[in-house]
Each structure stands twice: as structure tokens, then as C-alpha cells.
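Which chain is which? They are A, B and C, in the order written, and residues in each are numbered from 1.
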Amino acid sequence: MSSRDDILGRVRAGLQRNAGNAAAGREIMQAAMEGRVEGPKPAMDTAPAALLERFRIKSELQSSTVEVVAQESDVPAAVARYLAAMKLPTTAVVQPALAALEWAAAGLKVEARGARDADLVGITGCFCAVAETGTLMMCSSPDTPAAVSLLPETHVAVVRAARILPYMEDAWNLARAELGTLPRAVNFISGPSRTGDIEQTIVLGAHGPYRVHLVIVEN
Amino acid sequence: MRVGLFVTCLVDLMRPSIGFAALKLLENAGCEVVVPDTQTCCGQPAWNSGDKPGAEALAKKTIAEFEGFDYVVVPSGSCGDHIRTEYLGMFATEPEWRDRATAMAARTYELTDFLVSVLKVEAVPGNYTGSVTYHDSCTGLRSLGIKAQPRALLAKVKGVELKEMNGCEECCGFGGTFSVKFGDVSAAIAERKCDFIHSSGAKAVAGGDLGCLLNIEGKLRRMGDETTRVLHVAEILAGEV
Amino acid sequence: MEIKSMRFKANASASLANVVLQGNLKNAKGKFVTKRAEALRDLDDFEGTRDAAKAIRNKVIDNLDLWLERFERKALDTGAHVLWAKDGAEVCRLVTEIARKHGVKKVTKSKSMLSEEAGLNQALEAAGIQPVETDLGEYILQVDNNEPPSHIIAPAVHKSLDDVADLFHKVHGTPRKTEIPALTREAREVLRGHFMTAEMGLSGGNFLVAETGSVALVTNEGNGRMVTTMPKVHVVITGIEKVIPTLEDLSTLMRLLPRSATGQSISNYFSILTGVKKPEEHDGPEHLYFVLVDSGRADVVGGDFHEMLRCIRCGACMNHCPVYQTIGGHAYGWVYPGPMGSVLTPLYAGIENSIDLPHAATLCNQCGVVCPVGIPLPELLRKLREKQTDAGLRPLTERIGLRLWAWVAQQPTLYALGARFGVRYLKWLAGKSDRISLLPMAPEWTRGREFPAPQGKTFREMYAARRAAQ
């Protein structure tokens, strides 16, 4: 007997599986898959301005830094200002999805591609953001490779205000509507990587970025 | 109102004054109190040690002795909970006993809970002068919700100054047979409790379960503390100190 | 992993005597407990969320076979392979075979308790494949002579900064560093090289999503993302009970898991991984394997300990356990410490191999109160005690003593006589003192504390005398 059959056989024996309770079980399963019941969620003001404000506050609590700009064309200059203020390199890898912005005009030298170990700054967009916890939702694709938000020491993410949603449940619904199926990797990111493994003392910058800077585009 | 007082085996053996204090508090509040003299133990040690037949036999004995009263009152959260909660799960295959256990459980109360929730006492006979910190025993607190009741009653005793300790809800390390099976671990947990008590600055610690109190008193004395008094809340409330 | 649960008592005493460990435990306790309490405050409805989480987990484990089949079908649709392992030996065999098939020489690992259960690192090493633990805590333990973890969330919680400073100095051959950020950077640099060169990444799985055939991973350090993004092969090793229905359910459970574990409203990284890299993608594994592990779980389904299968491995029960807080995790002697471990070890590693564990609890129910999926841990521990007694596994003296005591307690006259004798004996032991410093029938009690002397007569006697006088 294969291990699969052996394991499932013993699970079925434990549940005293028979035709009747299998049918009932399938109904429960079907109802769960179709109902997609959401659990209790913390109350939130979902007006756009309130969502942006909550997202900013929660992001800062996660040790991200935040700047709000008026429109997308302001992004390269904002990124350049941030990198200069932090005395960080002006060379960056950018997700291909953002290649069209005027990076060079802002004095930045960017390459649109997947990330490499030596990259120090990674610039990404995000699929959407979650106000509840101050979280970015990143969906991997050829235009949005996952490692750009992971390998570099600095991660700069561009967030469109209109894509800040109240809850993670809203993010799933948006993904279902726009993408159909889930991409290979959905990464929810909430601030720079960290560890507390030595004496429960939180240190920023474990294996991923040391710092995450969010540029929110209002319009 | 006829109340059956279940004094508990530990009080019977170690500290009868707690039983008399409970008696006084109940009579003072107008109850007719009966203490069945065949009572022994609720069976909790057997149940918690994995001796189901022994626990069931003692549960049946206790039910038979006490089910005729309007209420059953116990000066212990853990014995009270055993009768109120655990008896119900014991008789899955004996419907008659399950029904009798259920009927009695609804009328079984921990002492301070009974005084506050059922009798709604306005005054207590005790007088005690000094600072007291309160140790919330685990089962009473987490299973029966005994938290505000003893404090509300202590507030009625003139002269009692309640000084809450940090960690008042943390286990003292007694745990019944745990305290003799793993004496070193149990005593180390008790030491933490004693540190909390000392930090509170109170001159006495009170609680609602004698097992915890014996553990705490034993550790305080071994730590060289000869002065902090260790009292059952009923003793303070009844003035039987 | 070698089972050392039989030596619980000796291990516990050693832990009590370990000054460094005691200091670290005190420190850790405060942080975990306080942070959890703070993090729960911004959930408006903790109880409601917990009820929902419990219902989600019950829904799956009550029909586990159906959900497993459903998950398997969806995972296969995404291009993943699904393998099944009955026990640790089969986990080791399957993972080694996958590694060989893909010509793997090095495996980077993010935390997997199942791999600890199986002793996978030793098996990989024996097959000439290098396993590299990448969670900082796990890495510290691996380079310290493969020391076992002492906590499921904070594996190296028993080690101090000085311990780690000495260790890295010795192992890396670098100047001794004493700042935690510097030590962390040193580990990052060493491990980055491994992340970029390993051909295979190995992870556990916090949840398996039946709706999408995905694995969900919760990490803070980013190592989970590394091992599932950089190597060409990703192997997920996870227990068969980890399935959940939908992405919505995942969101509900995520409101509780990080809060219960580390006091975070969400972990830094929460990754939902589905299928393999498409040809035009820049990163991600080309091969994805799920190894669904039984190792005792299937036999728990539907039995007395069924509810334990709800466990989501947050560690809140141990963080809040007075016994764990006092002795740490190693004393428990296997993969899972604390209350959940005292239930899981007897179930998965043998009830006869863990005689002490179900008894090593005060039944204070702090664990049950904090459990985010409402597992009645004290009740399960008590049931295990019953199983031990029924199986004749408890010491004969204890069993006879309990039965004798229970029998006497059913004979009121005999009991009253025994109590009269007992109280006088105790009083005699105390003499003029208000305490007994050596209790011959329970020396364990008086080794660490006094036993207060009884008042002198039983309540029963005094009450009868009072009634007679009235």
C-alpha cells in the first residue's frame, strides 16, 4: 500500500468515514469554498483619506518610512531625495513594471530587471496595500520579480493611494478579480526584515532589507 | 435557604478555621447551614491523576450527600469547579448520574461567589487591620470567574487595605500532586509568586484555595519571611484570624 | 530527533540550576507575554476571532481526508508534486531522493519543526548533502554542534548575547563582536552566500490553502522568502493537519498567529506560494514539492485528542506556562516543549516515552486561555494521565496509593479515623513549630519549601464537639 493510501485510510478510519458522512463532509467543503466567510475584523474608517492615514501610521509602526507625493511623475524625484538624505547609492534595480518613469531625469541610475545579490537598492510597485496592518501586497510576475523587494538592503515601494484597501480580505478579492488565479508568489510585506532571536532584542535587517521606504502617490 | 457546606478534605485536615469561617459567613447571612458528616473528598485528586473509577465513585458519593440542598457551597475554587464543571463530563454513559450531576452543578458555588452573586451580602462580620494582597487561584479565576467577588467582600472589611501585586493571576506552582511529583519546579514557581507578594508591600496575602496558601506559606517561610501572614479570604471576612 | 522526554525530571533540575538559562527565561517571559497582550488590544473582538479560527480548524480536521484530497488536487493543478510520508524515516528518504534527482549539494532551510521531528539534517549530511539552517536562532543552534531548539518560535531563547558572541567568534573565525546588530549582520553575510548558491530550499508550512493549492509561510527575517525564491527546487515539509479552506480563512488565522506568537499584528513577511516559476519569470523555483507528513497525526484523528490537531504552532501556551517559564524547552526532551509539547510528545513519540510530561503541569489553564484556537490543553493533559493509568504505565506505588486513598474516601468512618490519625501525626512531626521542614511521605515538597503545620484537630471533630456543646 502506498503511504498516501495508508495515511488517508487511517484518517478515514478515525473519522468513521462512510458514504453518508462523506456526502455531508463534501457539502460542508463546498459551502466553505463557495461561502468564503470572512471572520471578525477590527473596525475601521474606510473613507479614502482615513485609509491613507491609517496605512501611513501602521506602516510607520512597522518601521517603514513614508512620503506622500501628488502624482506618479513626482516619484523619481522623491526616491532620489530619500536616497540622498539617507546617504544611499543612487544606483538601483527597478521592477520592469516601473521602468517607464523618468528615473534618469531625477539623477538615478536604474536597471529594470530581476534582482542580483549585489544590488543595494530595489524599487518596486505593489499590487495593493492593506490599511489594517500597514502591509504591501506584492504579486510576482515577469514585470514584478519577487527578489527586488528582498535582496537589496534598501527597498523603496511605490503605492497608489487608490490601491490602499481596508483589509487583507479585500486584497484577495481584488486579486481574484484582476488576476483570476494567484501568482506564483504573493508576498505581504510589513516593514524591513527583522529578527529577535538573540535575547528577544529586535534588530532590523535580518536577511532582507534593512529599511523600507514607501512613496504613496495620492492621485 | 438550606445550604450544604462542603468543607473540602484539605480544610478538614489542615485548617478547620476556614471551615468555621465559611460557616459563620453563611449563617450570618441568614442561611441554614448543614455540614454532612459523611463528606470526605470531591475526588479531584483522583480525577487529575488519571484514576477515573476512583473519581467517579467519589463524585457519586458527593452528589448523593449534597443534592438535597438548595445550594452547595465550597470554600475553594478548585473543588467548587470540580463539582460544578468536571462532574458533568464524567458520566457520558450514565444518563441518570449525568442528570443528577447537572442539577447539582447549577446550585454549587465557590464561597465568595455565593456570598456576592447569590446572597448579595451587604456586610461581613470580620474586622482586620492591615494591608492585604490577593492571590487569584487558577481554577477559581479561569474556570469560575472568581476575581471581583473576593475583592468586593474584602472592601467591606473596615481596616483592610488591598495592595494588588503584579502577577496576581499567575499560578503559584501548587497544582495538587504536581507539588510533590515535581517539588523543585513547583517550589521555583512558588518563589516567583512570593517575589510578587513581597513587591506588593502587603503585610498579608489572602486567597480562596488552601492548597495554594499552604504552598505560598511554605515557600515564604523557607525564604526566611517570618512575618507575612497567609490567610484564607473567609478567615478575614469572618474575623476568624 | 532523539527522544529524551524520559529524563524530564533530571533535565528540569538541571535547567533550574542553570543561571544563564534562568536569566534568559525571565527576560523572554516578560517580552512574549506583554507583547501579546498589547497586540491583542487592537483586535476589536479577540473572542469572536478565536471562535472563528477554531471553527475553521475544526471544519478541516473533522473531514481531514476530504480536505487533503482537495488540497492535493489543487496543488497538482499548479504544477507542484505532492508526496506523502508516514514517518520521519520516509521524510528523510523522500527529501534525499528529491535532492539527488536535482543534483543538489546544498539545501537552505527555513524553520520546519517536521524536519526536527524527522532528524532530516543528519540524514542529508549522511547522504553528502549540506543542510544550512537560515533562521538566525536555528543557525546559532546548528553551528553550536546541532543543539536542539528550546522554543518553537525562538529556538535559541536559552542562549545569551555572550553565548552567541563566543560562538560566532569561534565558528566564523572573526573578531568577537558584542553588539546584537553586528552579530546579526555577520550571520546575514555568511548565510547570504548560502542562499545564493543552494540548489534547494526547504521550508515548513504554516498553512496549506485548499482553495488554491498554496503554502502560506510566516517569517520575519526574510529567510523564508530566500529559500523559496532563490533555489531552483523548493520542498515544503508539513503535517497533514495544516490544511485550511480559503484565503479568507487564512486572513482570519493571520490575525491571531503573529499576535499570539510574537505579539506582532502581522509578521514582516507573509508569503502565499502557488506553483512554480513560469519560463518568462526572473525568480522562483522551477520545481515545487509538498511532503505531507503523518508521523502520528492520522492516528489522532477522531480520537480523544482530536482537538490537538487544531494547533497552529504559535507557542503562546509555552510562553504563558509557569512550568515552561521556569525550566525552558530542553527539559521536555523532544521537538515541542510546553503544554502543547506535553500533549504532542506522548501522541507522536510514544506515551511510554514521556511518562512525566502530562503530569508536568499545574493545570492552571493559562495555556487554554491564551490558545488562539481554543484547545483545552489541561483537559487533554488530564486525559493522557488517565491513559497512562489505564495502561499501567504509572508507578505501581502511585496507582495503589491512589486507589487505596479513593477507596478510603468512600468509607466515611474509616476516612474520619484516618484523618484524625493523619492530623495528629503531622502535628507530632511539627512539634512546637508551626511548620514541618521534612515531610517523610512527601520529601519533594519540603526540599524547596516548608510544610505548614495543621491546626491540630480535624474540622469534623471540632464541628461534632461544637454541636454536642450547643
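In this text, a contact is a pair of C-beta atoms (placed from the backbone, for glycine too) under 8 Å apart; a residue touches a chain by one contact, two chains touch by 3 or more.
What you are looking at is a predicted structure, and each value in this text was computed from that prediction instead of being measured.
Engineer: If you average the Cα atoms of each chain, whose average lands nearest the overall Cα average?
Structural biologist: Taking the mean of C-alpha atoms per chain, the most central one is C.
Engineer: Suppose chain centres are the mean of their C-alpha atoms. Which chain sits farthest from chain A?
Structural biologist: Of all chains, B has its centre farthest from that of chain A.
Engineer: Round to the nearest whole Å and give the separation of the Cα centres of chain A and chain B.
Structural biologist: Chain centres of chain A and chain B, defined by C-alpha means, are spaced 52 Å apart.
Engineer: Roughly how many whole angstrom separate the Cα centroids of chain B and chain C?
Structural biologist: 32
Engineer: Just how far, in Å, is the C-alpha centre of chain C from the one of chain A?
Structural biologist: About 29 Å separates the centre of chain A from that of chain C.
Engineer: Going by the contact rule set out above, which residues of chain B touch chain C in the complex?
Structural biologist: Counting only chain B, the residues touching chain C are 7, 9, 11-17, 19-20, 35, 37-41, 43, 45-55, 57-58, 61, 138-139, 142-143, 170-171, 173-192, 214-215, 217-219, 221-222, 230.
Engineer: Contact residues on chain A for chain C in the complex?
Structural biologist: 2-4, 6-8, 10-17, 22, 25-26, 28-29, 32-33, 36-43, 58, 62, 113-115, 117, 132-133, 135, 140-142, 145-147, 150, 167-169, 172, 181-201, 203, 205-209
Engineer: Chain B touches which residues of chain C in the complex?
Structural biologist: Residues 9, 12-13, 16, 322-323, 325-327, 356, 359-366, 368-369, 382, 384-390, 394, 398-399, 402-403, 405-407, 409-410, 412, 415, 419, 422-423, 426, 435, 442-452, 454-455, 457-460, 462-464 of chain C touch chain B in their complex.
Engineer: In the complex, go through chain C and note every residue touching chain A.
Structural biologist: 24, 27-28, 31-32, 42-45, 48-49, 52-53, 56, 59, 62-70, 84-86, 90, 134-137, 140, 154-157, 159-161, 164, 180-181, 183-185, 188, 191-192, 195-196, 210-212, 214, 220-223, 225-226, 228-230, 240, 245-249, 251-252, 254-255, 262, 265-278, 280-284, 292, 294, 298-303, 306
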